[in-house]
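The next part holds the structures, each set out as structure tokens.
Both of the next two complexes hold chain A, though its partner changes from chain B to chain C.
Moving on to the complex of A and B:
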């Protein structure tokens, strides 16, 4: 007969766990499941219509104009993911290596690199929008001041530079995170292993690629996974810097913006469709969950115990 | 051929001087052991020879060539680290092949060298294992193997036995001695354990507080220690030092008896160094020699050490037969063998010769 009487300790645990559990259930689990359900219905504004099966999914994937919009947003997310992989994680690794080797000024830079991470995305996005302003932005003014006036351009206003401007802003904002994680990984490498490598080669390239990188790979698992999730959930920064339409001409449109616009409407498009939006949300969720699982499992298998 | 010359080598960290000018010649095929207490600078000196840390002063020459600015990987020196420092993500074969490939050797040569090292160190069944799947002794052999395949002129070993348990330690010690005979390279070995130093070395370098106290063969150091530091560091149990006065050709311990040890230097006071086998205990109190009181006896099977408190409070170790039992608090007379005592200056601890 199991003991069901509430002990003092059990009571405490219950009191502490139930409220957050209820909160999570109400505001996270329930919306996820309701979004799943919404996706199978026809919506008229806020009024739920008939059950229509997979039709919403079919529409966002195969019916124009949704098909092109979905593909365009997805393609941009893919570009963002790979660009940030190089810019944010690659730079983060190099910065971590430089900080770890205690180059001059390492103490200052350790803080400087991480500081932007603490800033709100709203602040970073707004600041970069000002920096990149075509007339009085610091970027163009600096270029003109350096006599490189022909390079000054409306960074956020033309299709071929807008997405990359956002990517650079994002990388600047978050580069401190992979740096910190990689630095922690490097600091776990025993000093004698590095001495042992130095006895065999003086090439920094060999040291980085053959010893340091394989040994910090465990930290890379979490960094890669979070970057993947972040890149495909990207919303705040493009929303503030480029607006809900992913302007100009959809060149900065990403799945997050596209979903929001579709589900909740927009001043310029005027249409609002919960069914299509939910279908998009479900597809994004499934895609992220599947790929993130694969990344985690694959990379975990390569991890090394020091 | 490997001839090492250390000339006035200094090392300081910020403004703390760790090594105060080390001069040392090491010949080809010598097995040299740096021994000394923790913090004496022996590992620092080894790292300077390896090139892992820059010197603050002096010159290091290998076969007459100045090595101060040559990076560690180009010195022709291999090092075995205290923690073995195997690459955790590579198997045993890769650990050994890594350095050899970086030397630019062709594939067949790398394979041949690894096969040879693996045979010598009995590593053949372990080649495909990762370091974490190996025992401490096996890791140690891999670390040595990794040094071997590079065929260096000089091997540096930094306390290689300190992470092994006591039983394994003597086995690996024998193995290292055998390896040195077999490959004949110059080996420099750092330890704080004087037994390792005595058993392995051709030449022992005793260090203390950043200076060399004495360089010599194990026998030199044991039989003619240059000063009281070396005398008490080498040998187990430690040599006992007794502060005595020279009066009329005898060494007198105030209110504690006196001994005759033969010719004496012209000083009024000195330190008398007595190893445990240089003294005899007599159960009759008040005989010819120092008076003492038994404190305790260490029984070791083949012999025993009796610790005796002398009149001035000095604790003296005496070796006796295993059946020679002395009760605690028993009063005894300590007599000495005249030919086997050591005399040191009372002022600076240097060895005195009559």
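Moving on to the complex of A and C:
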């Protein structure tokens, strides 16, 4: 009898595991490996040519004009990552703390803060494009109305304001996510610990730095890692707000846009190069995977088990 | 009676059984979603004249069209007949061997097409035509006739008159030019829509002959003039103004002029049916300088080399290269058909057709989109820098020449 039950169980496990495994293999593992393979060939348009080893990788990293394009896009991604770390995760932590402390209106704000996250990126991007319109945008009109007309600018047309405009739009869009994760982390802090702190001090600052921050470390690990992956895969918002070329003159170019342009071409350059595109995709993938692993391992180490 | 019914019945049955074997289904891909109704009309005409061939028209989003098409062709699921781009965009698809080579033997009407239009749909490496060109586009200045008349402005004959006309509009509280340059490709349009006459035919010829490059004074001074005009007469903050907003400014009658392609005419008319439009070629420095527009070809109709119904596809291409289609295309879609002998009832189209008789090719698209970095990518970002005051015309000349030297033989030295 046990023999039969075992085979029955084994059968069940097989039936349950094989479909998702096949799905993952077909739609995730296979594309990743084929992109790896594509990167080692010379492509004319979409026709695969000869095996050329590492040449595509060499080209995107060391040969002009690709070298400066790659560096420029990478530099912008780094700026985006650090800026969002402060604007999105930093603000998210403070918002979460305020919500956790149940300041007046916390119930309303909990929903208000999370609402933009639910909106589609396309809507957010279009909204901000309208807000930042040089002639009719609410930002410039408000500035003029306040008598600060000289501060009104073509936000998306200047190299020193374009990327920051996108960053602010992104932070507004997604700040609710880290807020929610941090809030969940804070709500898991046991009441005894908080009571014990209250015996020692009334300082909010001490509470935040010595108790709350260390105890929400698991939440921080999650939002930091996800932000890192998101910042280096950033595509939709810059694509809609600045276009495929990272207008103006590459100041909003990020690796996602650059990869898309290189692999698939765009209407105004007409070039498609799957080889270089795949090489870029592989490099981005490896970079994200490595750094995300390091971040996760390092941050895990400082998490405290309650 | 009964036997008749049986006879008719069996005849019908025979037709139904035989029909799928006789009928040839063609799929026809396009990026012109906005022209669907017109194309369905053209197809109906074709099907009526060619019983047994049916054409299914399918459209895709324009900016991703090349990607979708190339992917489908590579995967063996491409259409029988398709719209393809011109120049470098055509080569991307044609060089992979997906397109059926065409000749005057398979498509006799091609013999009368202009050389420039056929060159746009040929590959440079084998000098073979791969598509029937469908439309030419002309880069020029479109203006609002009512606003020009109300302010007593005539079509400017020299650069000075263009500036004077802009000033008159500005004084009347009207935005002279609607254009914005936040959308990258608009920079190229503005540059050659305004600058072709300033650069001149001699510069173009010498550039092609390899005796001049982009550091040439005729080219750089044209860029300087354009930047100066834009700084004063384009909308406030035009460097942050995107393409769609610029179109709206002109379409709504808030601006007097729009530098753009002849493809904008239909857009403005559908935006504002009451608008009265005029066109002129942006003038050169002096009134006697030849007025040139930038001319290019949009794309063509090609057949799939691996298609199952190649014969029917060629029949359809012959229809698309014919006078009847060309005329219908020009009449319904308000576009300049490349089919020779087409006449334009619309006076505006007739004028565009007239203006395009003296032209230079839309430079970067026609000649400098065959390698990386493409001339288009370079001029677009460099002009954005110039408009933002972060470079000079001379530096742009340098940047273009050295940038293109990466793959453009005549600049390598």
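Here is the rule we use: the second predicted complex is superposed on the first by the 282 of 306 C-alpha atoms of A that agree within 3 Å, B and C clash if a C-alpha of one lies under 4 Å from a C-alpha of the other, contacts with A are read in each partner's own complex, and residues count from 1 in each chain.
Here, a contact is a pair of C-beta atoms (placed from the backbone, for glycine too) under 8 Å apart; a residue touches a chain by one contact, two chains touch by 3 or more.
The structure presented is a predicted model; accordingly, all values stated were derived computationally and were not measured.
Superposition note: with chain A as the common reference, chain B and chain C can be accommodated side by side. With both structures placed on the common chain, the touch criterion links A:210 to chain B but leaves chain C unconnected. Of the two partner chains, chain C is the only one touched by A:272; chain B is not. When the shared chain is aligned, chain B comes close enough to touch A:196, but chain C does not. More residues of chain A are in touch with C than with the other of chain B and chain C. When the shared chain is aligned, chain C comes close enough to touch A:158, but chain B does not. Chain B and chain C never share a C-alpha pair closer than 51 Å once the two structures are laid over each other.
Chain C meets chain A in the complex at residues 62-64, 66-67, 70-71, 73-74, 85, 87-89, 91-93, 95-97, 180-185, 188, 235-242, 245, 249, 369, 371-374, 376-377, 380-382, 384-385, 388, 390, 403, 406.
Residue ranges of chain A in contact with chain C, taken from their complex: 44-47, 64-66, 129, 132-135, 140, 152-159, 243-245, 247-250, 264-273. Listing the residues of chain A that touch chain B in their complex gives 190, 192-193, 195-196, 198-203, 206, 210-211, 214-215, 304-306.
Chain contact summary for the complex, chain B toward chain A: residues 47, 50, 52, 71-74, 77-79, 81-89, 98-99, 102, 132, 146, 150.
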